[in-house]
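Heads up, there are several structures right after this.
In the two complexes that follow, chain A is the common piece, with chain B as its partner first and chain C second.
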Partner chain A sequence: MDRLLNIDRRIIFIFVLLGVAIPLLIDIHLPIKPTPTVRAVYDEIERVSIEDPDRPVLVSFSYGASTMPEMEPMTRSILHHLFSRGRKVVGICLWPEAVGLAQPIMDELAAEFGMKYGTDYAFLGYKPGAQAVVLNLGQSMAGTFPFDTAGTPVGDLPILAKVQNLKDFSFVFDFAAGDSMEFWWIPYGQEKHRFPFAGGCTAVMAPDLYPFLQSRQLVGLLGGLAGAAEYEALIGVSGSATSGMEPQSVTHVIIILFILLGNTVYFTTRRRGGKA
Partner chain B sequence: MLFLTRTLPFLFCFVFGMTGWVIYYVPHEWAQTVEREIALWLRLVYAFAYFLGLFSLLSLHWSKIRQRQAGWAYSLIVYISFGVMTLFVVYNDGHGPFAAQATTGPYQWMFTSVHVASSATMFSMLAFFISSAAYRTFRARTPEAAILLVSAIIVMLGRVPIGAYISDIIPDTMQWLMSVPNMAAKRGILLGVSLGAIATSLRIIFGIERSYLGGGD
Partner chain C sequence: MTRDSYVFVGFLALFALVNTILVANGALSLDWDGLGVIVAAGCTLALYSFLYKDNPLFKFAEHVYVGVAAAYVFGITWYNSLYGEIIVSYFDIGEKGANGGGHNPWVLLFPTLLGLLMLTRFSRKFSWLSRISFAFVVGVGAGLTIPRYLSSFLLGQLEPSLAPLTLSWAGLNLFLVLVGVITVLIYFFFSVEHTGVVGHASRLGIWFLMVSFGASFGYTIMARLSLLIGRISFLMDDWLHLM
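What follows is the complex of A and B.
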């Protein structure tokens, strides 16, 4: 029993490795059921596409390379949905690393849907300042981001011709790997200017954001790879999040089995009066 | 000297603290102009903080190299990586440092193939360590721990499709756990943290808390 309690961690690592690798090689089809928080984002994009089709959507990228496996699938699925509905999209970055990660995805998906740069979408790059950037965006778009990443003045971009500040966007979405939603966008953006706001974040952050869902400061939320997979199911696209759900499911089961095993061994040892 | 090291920073803190607080709630045009200017200055401070961070990083690793401390070779790698990436940024795929950042070329290759890949790998390795830690430490020693354990298992199953595959009750229970007990706890924590932040801010603005000025009091 003691040997089981002090099992070599490399054995656990091997099980986790197999739990990830085998489902990637063998197709195990598991149905994905979208949760209400994810469906709310989908419904909001559908709503603004019908009720407010002229004003552009602002997407903010606040993530870095380490969280890319979780954040990239949701970036793709949200942009896919927006472009498929013909929405004009303006992208900004509040994390410096996000420029190199988000811009290629935006360009790729825009090309797939025949969107024209400057008219249908624009990418304004990164500005330092965190919440100060959001505060400035609430006052002046061109004052905060005077140029796009190619050096074009934003005044020359038709997509931003009627945009003065945050109030002129029909919907704002933040891809967050840090605290940008609760400490930057909600207090200095959404709460001041009252625009429809939703976000996508890493799985570990999602529980922190539930109070903002109930207060409706967040319309909806995509949490981690599971949130992205649910969104892919809603838009009918099977991407990397959907294929990632099978290894994640098996790995979760393996971890649960190990926890149950650990508890069984612990209580058996304790009942026998052993050291646990 | 006391004026420059103590009084002036305190005055700046008081004036900008009070101004930032009051103008947030004032929609008048002049207040908005002041807010815009303060936010702009804040962004400039942020930008300079990058230089400070860079200086701190390089000086720390330089002292490790100079004193041949344990693991100094890693510090050398920091310098080499920094130098190589700076060169590639300046080269900018042949466009030079003053053109817009090229979306192709050696900098992009290094960013995507080295930085992104290694960062994502480091983050992914957490899954292995969490699994091992969960096996060793997640014990139902008390009734509270048992509730936590059961909740964790429901959330872990409910967040992935296998939960719904087993039973629809699992994702529904997971959703309830997240929307009711989790949200209540998070809201309590958030309110507590916010009240603490307000109290600390007021102490700093009114000069009760002065440790940020240095000097040990």
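What follows is the complex of A and C.
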């Protein structure tokens, strides 16, 4: 019993490693059912595509390399959905690292759907200032982002011809690995200008953001790899999030079993009056 | 040599051997793309080697990551903002100059000055000047934050919490939220002794908090595993071509 209570953590690591590696090699096919919060994002994009097709969508990238496995699949699935519906998309970054991560994905997916740079999509790059950037966007788009990443003045981009500020976007979506959704976009953007706003975040952040769904400050939310996998299921694309759900589920079972084992041994030892 | 030294040398030899085989059989190309995959695989394995124990390989990869990330952030900030907007605007360089971007460079004078004053922190003689910038940041920050946070986090959250209760699942959810909010607030109300009804409500508040912590912990495990899955997928697919 004492040996089980003091199990070497490296043994648990090996189990977790096997729990990830084996399902990646063997296809298990677990069903993925979209949750209401994820479906709400899908429905909102469908709604603005029908009801408000002329105004562009603003996507904000606020993540870095350390959260790429979670954030990249949801970036791909949201942009895939937007471009597949012919939505015009403007991309900005509130994290410097996001420039090199998001722009290639945006260019790749835009090319896949035959979208033309400047007319159908634009990438304005990074601007430091966090909430100050959001605040400024509410006043002037060109004042906040005077140029795109290629150095073209935003006034020369047809996609932004009718955009003065945040109110001129039909929908705003934030990919957040930090504070951006909760402390930048909601207080200084959505709450002030009342535009439809949704986001995708790392799983760590998701519980903190659920209250904003109830208050409708967020239309919907994609939480972590699971949220991305659910969105892939909605748009009918089997990407890295979908394949990641199988090892995710297996590893969760392994962790639950270790928790049960630890608690069983702990309470058994305590009942026998041993050292616990 | 200690056992750890053998493990260290053995790991490096095995990594070199695997890469040689991958290049020899054409799985990895001998170009910048192939080299990128090898470096990324090496860094990933070096960082995960910490799970065995702290070692020089882990420290090397950790320092490389910090250095590269800092340099990248500096480069992006320099070219996008410091050079791209401030220097170019003042000196009217090329198309990005004052007229090209429709920017009035004088608008940037005050924030640039405040930014420069921040740098006086490096001088003992002039560091007092940085207080002007900090006073501006604190004053503007508080002025902007207090009303916005009150509106978004207090009033914005109070409204749905006090919505009318109905005999439905949504009504039950609302009721649970309401009970949770009240009991957790009671738990953090220390002016009254937590006995009797207040004690029971406070204990219920603890249960709500525990459930909340459990949910956060569960999501944290999911997040960390997602990152692990991403790296293992990279190693098995892009590097070893097993998938």
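Quick note on the criterion: the second predicted complex is superposed on the first by the 276 of 276 C-alpha atoms of A that agree within 3 Å, B and C clash if a C-alpha of one lies under 4 Å from a C-alpha of the other, contacts with A are read in each partner's own complex, and residues count from 1 in each chain.
Here is the rule we go by: a contact is a pair of C-beta atoms (placed from the backbone, for glycine too) under 8 Å apart; a residue touches a chain by one contact, two chains touch by 3 or more.
Predicted, not measured: the structure shown is a model, and the values here were computed from it.
When the two complexes are overlaid on their common chain A, residue A:25 makes contact with chain C while staying clear of chain B. Once the two complexes are overlaid on the shared chain, A:263 sits against chain B while remaining clear of chain C.
In the superposition on chain A, contact is made by A:142 with chain C only, not with chain B. Looking at the shared chain after the overlay, A:150 reaches chain B, while chain C stays out of its contact range.
Of the two partner chains, neither chain B nor chain C is touched by A:77. By the document's definition of touching, of the two partners only chain C reaches A:240; chain B does not. Applying the stated contact rule after C-alpha superposition, one finds that A:127 touches each of chain B and chain C.
By the document's definition of touching, both partners, chain B and chain C, reach A:248. By the touch criterion defined above, A:67 reaches both chain B and chain C.
Within chain A, the residues touching chain B in one complex and chain C in the other are 13, 16-17, 20, 64-69, 99-100, 127-128, 135, 149, 151, 192, 203, 206-208, 211, 214, 223-224, 226, 248, 251-252, 255. Residues of chain C that touch chain A in their complex: 51-52, 69, 72-73, 76-77, 80-81, 84-85, 95-96, 100-103, 144-145, 148-149, 151-153, 156-157, 159-160, 177, 212, 215-216, 219-223, 225-233, 236, 242-243. If you check the complex, the residues on chain A that touch chain C are 10, 13, 16-17, 20-21, 24-25, 64-70, 96-97, 99-100, 125-128, 131, 135, 142, 146-147, 149, 151, 153, 155, 186-188, 191-192, 202-204, 206-208, 211, 214-217, 223-226, 240, 243-244, 247-248, 251-252, 255. For chain B in complex with chain A, the touching residues are 24, 32, 35-36, 39-40, 42-43, 46-47, 49-50, 99-101, 103, 108, 111-112, 115-116, 119-120, 122-124, 127-128, 130-132, 134-136, 138-140, 149, 152-153, 156-157, 159-162, 164-165, 168, 171, 175, 178-179, 182-183, 186-187, 190. Across the interface of their complex, chain B is touched by residues 7, 9, 12-13, 15-17, 20, 30-33, 35-36, 64-69, 99-101, 103-104, 107, 127-130, 132-133, 135-136, 139-140, 143, 149-151, 182, 192, 203, 206-208, 210-211, 213-214, 223-224, 226, 229, 245-246, 248-256, 258-259, 261-263, 266-267 of chain A.
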